[in-house]
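Following: one structure in structure tokens, then a few remarks.
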Amino acid sequence: MTTEHNARVLDAKIPDGPIQEKWDKYRFDTKLVNPSNRRKYDIIVVGTGLAGAGAAATLGEQGYNVKAFTYNDSSRRAHSIGAQGGINAAKNYPNDNDSIFRLFYDTVKGGDYRSREANVYRLAQVSNEIIDQTVAQGAPYAREYGGLLDNRSFGGAQVSRTFYARGQTGQQLLLTAYQALARQVAAGTVELFTRTEMLDVVVKDGRAVGIVTRDLITGEIGSHSAHAVVLATGGYSNVYFLSTNAMNCNGTAIWRAYRKGALFASPSFTQIHPTCIPVGDEFQSKLVLMSESLRNDGRIWVPKEAGDDRPPNDIPEEGRDYYLERMYPAFGNLVPRDVASRAAMRMVQSGHGVGPLKNGVYLDFADAIGRLGRKTIEDRYGNLFEMYERITDENPYEVPMRIYPAPHYTMGGLWVDYNLETTIPGLFAAGEANFSDHGANRLGASALMQGLADGYFVLPATISSYLANWLNVPPVPTDDPEFVEAEQELKDRIDKFLSINGTHTVDYFHRKLGKVMIDECGMSRSREGLEKALEQIAEIKRDFWSDLRVLGTAESLNQSLERAGRVADFLELGELMVRDALDREESCGGHFRVEHVTDEGEAKRDDENFAFVSAWEWTGEDSPPIRHKEPLEFEYVPLSQRSYK
Amino acid sequence: MDVTLRVWRQPDSASEGGFATYEAKGVSEDASFFEMLDMVNERLNDSGEEPIAFDSDCREGICGTCGVMIDGHPHGPQRGTATCQLHMRKFKDGDTIVIEPWRAEAFRVVRDLVVDRSPFDKIIQAGGYISVNVGAAQDANETLIPRPAAEASMDAAACIGCAACVAACPNGAANLFTAAKIAHLGLLPQGQPERYLRTVAMVETMEDYFGSCRNYGECETACPKSISIDVIAWMNRDYVAAQWKNFRKQGQQV
Amino acid sequence: MTTTTRRLDVNRRSGWRSWLGSFFTSDIGMKWMMALTGIGLLAYVLVHMIGNLKIYLGAEDLDHYAEALRTLLYPIVPETGVLWMFRFGLLAMFIIHMWSAIVLALRNRRARGTIRYTAKRQYLAANYANRTMLWGGVIIFLFLVYHIADLTLGMTNPDFVEGAVYHNVITSFQVWWVALIYVVAQIALAFHVYHGAWSVFQSLGMSNPRYDEWRRWMAVVFALALLIGNSSIPIAVQFGLLQVSG
């Protein structure tokens, strides 16, 4: 399927030198924009999550003119807010042999050797500055009685390096970024556009010059031009319909960029989070995450006997299989997410599932409550336990929680080089929207770290290397033919949605797509299934464009219309994910091909043939995409089979 | 279960609104309130009527996007729960449920149940932050924060900005929202340098849009994060102290 | 959808708006004034009630007490001088208290918007006492006008004798509807005081989980003491327990 002879080898522009010195060297060598010249530049930032709000605020502080866009009613709503457990940093406050190198090492290994060493090292380096910065901004992290910061453990690490604010770390960090952004809005350096959805990137002479947006209240289509465009629009787990993402999370921004020529890296690398509340019924709209931090104190088990129907508290100790502790004694319940998820899947598939639909495993706190007392458990997880009870009507202090994996995070995203620049000059991608740091699996508490690293520290430092080339060149005016054409295309597309007038809602198609994706391109994938999925997606797509019904007008708040555009893009993105999964004939991290397993049933990598990043290029509606390669070299973390035993 | 809905419908902010009645039949008790509305919307779409517009995003009670008045309760009858976390098991078969948007002069109805809460952003922009540029921070452990202060600050910082406090208040006051942010930042050592300027600026911006507190305590019961009205008392004290301190500082300015 | 906001600056308000100015214009400042004047008025009604209860000690005692008030600090100040100072102070407190209440009520009316909820609001915290503060205040004000006309100026009592406080009270309260007015007014006052005594702490920022519960009880005891103490007098008169001859 890949036209090999067209495929390029991509240059990630990694600075020379030892890995510890690359970032410093880069910052010295890079071109700068002097403070008094910065006001001559306009920068567009799309998305106001950790990466977007962080970047917009920081660029504003530096003196650039920033326009920030969010489809939400306020920039405080982005789904970074949903992160519960914490944020990693290599502070080594608990004195347990942590270091920048160990955080780097754990992240590369946790990502199953499919990430770029230089980026990950930089991430580990700035992790400490993130904690400093957010504390100074007023994030109320948990404290010891002596007034110092507290840490807890997370999956995939043998050290305690996770900083947290109860079970609401993401909320607290997003609010600090939101407040930093608010400060710049008040200062006049950032102009904020709320309820404004970016629907296309405008490219002129091969570089990104602006975006096209729709005002979600009035329906007005507008253009904004700038010297550079930053996409910080998050991940695309909602391709599965049911995921832990917010209802409005979507892949449209990065998909539009892909269609304009940006390469899309590792689309099939998606993370299925092990601890979510199992699906209840068919009308379910959303899967709710229970923080991974629960695995610190909870023990995961299933009945030893398949089909055991007894209530959990009636199953005696010898009738329980604490399978993670049994299979991975060194890490136990704290194995990385992909490992934990697949183990749960195997248990359910072999008939050991629990709950009314036999689709979960137990996460039991009885031991922890016995050891630490109910009060301590309440302090640590009280809000999560309450949330669980609200949703399931079961009291987790008395009955073990039921959990099951759910789509959560997408490691894939726009391909970016060391500058976080995509293959379209002037178009940058930050946070979950890019692919760079997590390889084939992300460790817990690393998403907040990456979002803020990109937003606060990396992007504001690298963007000047591009901007310096355009000093005293005004932005392309928005009446340029490229803008006019992009606006017209968008209007035509919207008219198309409204004029199909078929019989089914947007959600109907989204649900169908999600079913195919989770069945065939979810936790485990097979050649046969993936090939079948390609056909099924094509069929859903055909039906979508002929049988969709979107009511109302384009000139008003029309939530069905908003979703129609997003699902149309998900249909194409889903197809690319399947192609990528099919193309990658190995198992690694979250990408698990049943054809490639070790004798013990674990993921089996093929480093000889697949130690590279797949970066896909759009070639048109009817021709298959081209897969380019960025070879990965592992100088500092020697390639080895991951073992958490 | 079957329920009857009376829902506020309004095409846009310039038009008049009114109630429409819909039957929601065969709703699962385990469905969330919004999943029930999703189902009603699918059926409306199938029958050719435009779906009900409502704001909802994370559906796990943390983003603050959602919020409607349900039978005269902001976010519905369950205490400490955002609308998205409310489940149909809290209702009875055959119930009639009245669903209305938040009402306050500062909140314009955008469409149906969607309101414009942008004055909240204005209050934060007026001073709800700590001024520290990226890169300028000292080591995180250099400032010791007593655990009780960190906990009290976190209690206030839990606010999700949903505006249920305003919707609940017979005076349309945003004191709980504003006070929660003032207390969050004012209780921390990092928040001290700007504290008095922040308090005055935020309070006065709040008063430009919203009513005043009459100590009813309705906001506290409506708050999905159960933030205590103690923060309002804290703000009341801090505001007067701030006016005094700022007045004295004015004299020292060159 | 661009936003412009005022920035942090000690001089963000023009010069006239000093610390004191904020009390007369900002909502929170006015709440403070209501609270501070409220405390003064609470102290006054308490002292007034204690004085009233002297009626049970007989005419001589009460009239002597009233005389003492008129000659307080005499001859250092002219006769009734201190009394008039109190009267002016009270009047000022009343005016500030009511003015703040009216201004805030008008602002709140605007802030809550024109469209009301259709479903009956299910109040969980707001109770009868705090929702009726405004109208309770109006009742108290009207009562006050009557009370002064009745017992200070003697305009409504045909048997009024200047200076004979005991006589005036009894003859006035012997009319059943006058007694009723007094009792009703005391009930309104009790509600008003109940919420007010609790609310004062909140408005002045003296709220603490440690004594929040205690505050509530204090307000109840205070309101009940006023209600029982003050309304016992017209009731006692009606039942003939207090008589002119006594």
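Think of it as A, B and C in the order they're written, each chain with its own count starting at 1.
The rule is simple: a residue touches a chain if its C-beta (ideal position, glycine included) is under 8 Å from a C-beta of that chain, and two chains touch if they have at least 3 such contacts.
Bear in mind the structure is a predicted one, so any value in this text is a computation, not a measurement.
The most centrally placed chain, judged by C-alpha centroids, is B.
For chain B, the chain with the farthest CA centroid is C.
Chain centres here are Cα averages; for chain B and chain C they lie 35 Å apart. The distance from the centre of chain A to the centre of chain C, each centre being the mean of the chain's C-alpha atoms, comes to 61 Å.
Centre-to-centre spacing of chain A and chain B amounts to 27 Å, using the average Cα coordinate of each chain. Among all residues of chain C, those that touch two or more other chains are 1, 3, 5-7. Residues of chain B in contact with two or more other chains: 118, 121, 125-127, 131. Counting partners per residue, chain A has 185-186, 192, 194 as the residues that reach two or more other chains.
Contacts from chain B toward chain A in the complex involve residues 11-12, 28, 30-32, 34-35, 38-39, 41-42, 45-46, 48-51, 53, 55-65, 78, 80-81, 85, 87, 89, 110-111, 114, 116-118, 120-121, 124-141, 143-147, 150-151, 153-154, 157-158, 160-161, 184-185, 188, 190-191. Considering their complex, residues 1, 3, 5-13, 18-19, 22-23, 26-32, 104, 107-108, 110-126, 130-131, 133, 195, 198-199, 201-209, 212 of chain C touch chain B.
Chain B meets chain C in the complex at residues 6, 8, 19, 69, 71-73, 77, 79, 98, 100, 103-107, 118, 121-122, 125-127, 131, 169-173, 194, 197-198, 200-201, 203-205, 207, 209-218, 220-222, 228-230, 232-240, 243-244, 246-247, 249-250, 253.
Interface of chain A with chain B (complex): residues 54, 57-58, 61, 72-79, 81-82, 91, 93, 129, 131-133, 135-138, 140-149, 165-166, 168, 170-172, 175, 178-180, 182-183, 185-186, 192, 194, 217, 246-248, 280-281, 283-286, 288-289, 386-387, 390-391, 393, 456-457, 460, 503, 505, 507-508, 549, 551-552, 556-557, 559-560.
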